[in-house]
Amino acid sequence: MAVDWLNPYHLQVASFVLINTLLGVSIYVTLATGQLSLGNAGFMSIGAYTTAILTTRHGFPMPAGIVAGSVVAALAGIAVGIPSLRLTGVYLAIATLGFGEVVRVVFVNWESLTGGAVGIAAIPQMGRELLASLRDAGFAPESIGLRGNQFISLSVFLILFASTLCAIGFFFRLGSSRVGRAYAAVRMDERAAEAAGIDTTYYKVLAFTQGAMLSGFAGALFAHATSYISPADFTYHRAVEILVFAVFGGSEHLLGPVFGAMLLTALPELLRSVSDYRYIVYGILLIAMMVFRPQGLIDPPLVNRLAGKKAAGGGSRDAA
Amino acid sequence: MFAEQLINGITLGSIYAIVALGYTLVFGVLDIINMAHGEIFMFGAFIGMVIVTKMNAPLAAAFAGAVLVTAALGYLLERVALRPLRGRTGVSHLAPLISTIGVSILLENLAHHIFGAGNQLFETPFAEIRFTIGSTTVYLVQVVILAVSVVLMGGLSLWLARTRSGKGLRATAESLETAELLGVDTKRIITATVVIASAMGGIAGVLVGMAFNYINNQIGLSMGLKGLAIIIFGGMGSVAGAMAGGLILGLSETFVVAYGSSGYRDAIAFLTIIVVLLLRPQGLFGRAAPEARR
Amino acid sequence: MNGKIRLAGLVFAFVFAPVLLGATGYAEKGKGPEIHAKIGVISILTGPGAAYGEAITNGFKLAQEEMNARAGLRIDLVIEDSSGKQEQALAAAQKLINSDQVVAILGPTLSTEMKVVGPEANASGVPIMGTSTTAQGITQIGKFVFRNSLPEALAIPASIGKAVRKYNLRKVALLYGNDDVFTKSGYDTMKKVSEEMKLAILTTETFQKGQADYKAQLTKIKNLAPDAIFCSALYEEGAVILSQARKMGIAVPFVGGNGFNSPKVIEIAKGAADGLVVATPWFGEKDDPKVKAFVAKYEKRYGKKPDQFAAQAYDGLTLMAEGLKKAGKADRAALRDALAGIRNFHGVLGTFSFDEERDVVMEPAVLIIRNGKFQLFR
Amino acid sequence: MLLDMRNVTMSFGGVTALRDVSFSVREGEILGLIGPNGAGKTTLFHVLTSMVSGASGDIVFRGERIEGLSTHRIIRRGVGRTFQNIRLFPRMTARENVMVGRHTRSRAGVWQSVLRTRAQRAEEDRIREKTDELLALVGLAGKEGSVASALPYGYQRRLEIARALACEPKLLLLDEPVAGMNESETREIHHLIRKVRDLGVTVILIEHDMSLVMQVCDRLVVLNFGEKIAEGTPEEIQNDPGVIVAYLGREEEGDDA
């Protein structure tokens, strides 16, 4: 009577894959205008903390908290994005990395708001909340052959899956539009883009803000998926991890960071049997990738070959 | 207390400076940030620890061993993670950043397996020699660290300015193609740069062990991030900038603890980066505008 | 809502446990008294906290060998790495609960991890016992969540109280790691206790994980000349702090939290460790045959003295074995009930009971390091 | 007057690139901008389109002052330009390059683009239509799908002109559009320039090839060391003694910075 093959552990892994996918896309979006941001762990933490504080202390419903988290992260993105316009390449990367660290230190020290290193616990978990309200409405997951924890994990997965699909669809469509062409133009030649009448400042800040907002959105979902957050979740390691998703999977096509995030999140899980040497393997893998396929797993020619056609959109192209 | 804190700050700052020198040298020539530099430094510290504490060998042997091993690591890094990426078309400028991150993860976890997790005692009689000026105790190690950092910086500047290989290195830094046209063996120069930078990391590692008596496999990351902050602050590729930046960061971290709140100690480095980059993006001693470098 | 989940978990456990257990081939009732139990372990095998994970896993393995040497019980351990990260700990828990179908979980190592893993195990009706989680509110997560690690809320008042009485302390300096849950909540307790005892707090200094240089903080503290330093640190950082402090000529006693209590402190800080006062569930020099046997066996096997993490892990698995024997079968719900009923258990930590909230009831020992050895502080 | 430049001065790093330059451009004419290397011709284009800062003087375009406006605003008001060293978007196709050029004549924002509203789809269709029209005009019909960087040099020049025309400019600034081209290619480009003018676009043309300048331009402005030394019809300029002196023995390829 039960759907036994539906294993919450696999759904759990899949859910984190999806959150990491969102993060991978977030760095890609900023990169689409030629800006490398390593501050996305910081924006993620802003989104996570905002919704955690609003839902646990101010009684916000979860969806409102998630929206608020994304918006606050976007505002932070604007605040960081505008002054950072002067910086390019490695300098922008390091400055945004610095921003992420500063945000983390502030969260550690601002105890009255964030609880410091102890973090915020008992954040409403989306699966459990959903189950609770459905049960109140008289629904039992057993009636569709699911155990309680299966239902919880499945609903978390489905919510995240829908969110991720929306985000990918959003940026896929944006990529092959006027805005996406403007992004690609800015990435390839800023001056020529200006001469084509593109407000490069606007589009750079827009892309930066979209990246920040998506990170914040991912962070908010993360908070409601794990129900506990602390500054330790948003360290330098997270920032680097997000970057690695994009560059490993491929930073020249939207699908690159998507697959990068999926593979690199699932891989350590698959490698659990050799868990002692997991990170050693991980490190070697990174080096090997860069040596043998530096543009990442997925690049536009590969996508075109797989799709059997030439890409029409400009947003999926790169200039370094 | 001021004098003591000043000494603390200078010691910390000198170590930062030596770590930053390694970053700045590689960036100056290759235009890339070697994210594995911190971990190479950490390896140097562990090799020094094994030689001095476990084998009871003299300190000079520790320096020699650390320099040898880190130089070898630098060579391997260049051969495995950097050279294959060089000169290939269509390679993102992020590729070397990622490959060196790969090396750093690898080294951090190798150190864990080889030397174990947790703090390891770095014990050397030399570290106990101290003298008192007025009410302030100064350890000889602290003086040595400052001296070594000054000597390294001076030596590096002289080497770059005066010697043939130094000039070749600067030419390579200006333009790889031009240097090649001028007959500079750029492959050798680049390898030498990474090896020298790594060896300096090895020296810094032993010095850290002597100064703080303990090392663990995480020091690479924390020192590495500080080193990164310093070269932004001092100006990428600037030797004087690394030195000044290191000292300023060491002193300000110490004095924030002494007269302010220790919780924000780690934020200083990064806050400084942000402010400096926005007000003077080329850094304290940098010349080229950052827009020129991609 | 919690009640419903618990209920769901129970329903699940009762309905499916026999099926699942049958499928995986253990709990073969009727074939003899043998109880065959698969217990999951979530520990830190890689990353910064691996030093703790190592001691904990050693403790589990030693206890496992001993239990299996006896008749009537066979325990298999499925050990998973969490790297100290919540998501990985949660994924590991999901794997243990659903793929490996363990009867109970030991771990995870950190309180932060438990806050994520605990609700999951609880909802799935799997007993979970933290052997090193000392923060507040752990067992309140739900009725399947246990711990046998001495909470800081018990340990710190004991050590501070004794130190204040013995040394007549009036003014103290506080020093803690502010980016770690464990040391931060230890500090919160220290601060509360200090205020209750009307001690003058001269300064509060912080440090961060993995820091190598504490001289700036220590120089500042030295110049304020406190009677004692209350230091909430894990032994990794704590030992280095002690060493650097003594080297600077700070001779006053240190009072530490639970995480400071490890023979490693002496190993790392050597003579500088003298004068450290800690309250602990674990005293390796205790004149108790059980303790002596454990220490001897552990030292023989791993080449070092067991610390409290190893000892708590050892007792943790022993408690599980006790619960299994009482339950008479490898069943999640039955094991939970059996565990919750354990009172006056004699382990290497001393006499141990679970209270109504499945939290620890025990008398911590207050120790001081003198001449490079932990001794009872009287 | 379509464009009025009054007393435009531009200096950087102690070098005065333009000194007190004043001239006007009439609607519908082809104005040649000539002068030896380093005369300040390209700088004038940069000043006109705000791609350098620090210039003084008034620039009035279609009755409005545009100096100090940001580049994209000036482009939006009806100025199109090409670059001396072709600046295409290298990894876009020819069509995509021109579509980018339609930016100012289209308006779909983020949400319209993502939701694919009816207006947005109609606009994309129009963009594509207009793009193909322009590509045909410059002689790139059939090359729409080729990647820009893979096109032959002459085609890249034409593509850049098509991109500049995509914003439907009133004024087109062409910076040496025939540099490096052979005779027949040059003739074709000049033919194209006339065609563009006939469509109602005023053109300012920087050119070195004097014979061709004489054929195609209605009027000429001559710059030397940042100053205007002459202005008039090709015949007048040909007989101007100052111009002859300035050009003596300095006929060569290349240009100022």
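Annotations
By letter and in written order, the chains are A, B, C and D; residue numbering begins at 1 in each of them.
Simple rule for what comes next: a residue touches a chain if its C-beta (ideal position, glycine included) is under 8 Å from a C-beta of that chain, and two chains touch if they have at least 3 such contacts.
Everything numeric here is computed off the predicted structure, so don't read it as measured data.
Between the contact lists of subunit A and subunit C, the overlap consists of B.
Any chain bridging subunit B and subunit C, meaning touching each of them, is among A; the list is complete.
Counting C-beta pairs in contact across A-B and across A-D shows that the higher total falls to A-B. Farthest chain from subunit B (centres taken as the mean of C-alpha atoms): D.
Nearest to the overall CA centre, using the mean of each chain's CA atoms, is chain A.
Once the centre of each chain is set as its mean CA position, subunit A and subunit B turn out to be 32 Å apart. One simple way to say how far apart two chains are is to compare their mean CA positions; for subunit A and subunit D this gives 43 Å. A separation of 50 Å divides the Cα centre of subunit B from that of subunit D. The distance from the centre of subunit C to the centre of subunit D, with each centre set as the mean of the Cα atoms, comes to 75 Å.
For subunit D, the set of residues that touch two or more other chains is empty.
Shared interface positions of subunit B, defined as residues touching 2 or more other chains, are 109, 221, 261, 263, 266.
Of all residues in subunit C, those that touch two or more other chains are 46, 178. If you sketch which chains touch which, the pattern fits none of the simple shapes: not an open path, not a single ring, not a star, and not all-to-all. Listed by chain label, the pairs that touch are A-B, A-C, A-D, B-C.
By the touch rule above, subunit A contacts subunit B in their complex via residues 36, 83-84, 86-91, 93-95, 97-99, 101-102, 105-106, 108-109, 236, 240, 243-244, 247-248, 251-252, 276-277, 279-280, 282-287, 289-291, 294-295, 318, 320. Note for the complex: subunit A touches subunit C at residues 2, 7-13, 16, 108-109, 116-119, 121, 125, 128-129, 131-132, 135, 141-142, 147-149, 152-153, 226-228, 230-233, 268-269, 272, 275-276, 278-279.
Contact residues on subunit C toward subunit A in their complex (touch as defined above): 1, 4-5, 8-9, 11-12, 16, 45-47, 80-81, 85-88, 90-92, 94-95, 97-99, 112, 115-116, 119-120, 123-124, 135, 137, 177-181, 183-185.
Looking at the complex, you find that subunit C touches subunit B at residues 46, 48-51, 54, 178, 205-213, 215-217, 219-220, 223, 236-237, 239-240, 243-244, 247-249, 264, 268, 270. Of all residues in subunit B, only 1, 4-5, 8-9, 11-12, 109, 112, 116-119, 121, 137, 208, 211-216, 218-219, 221-223, 253-255, 257-258, 261-263, 265-266 touch subunit C in the complex they form.
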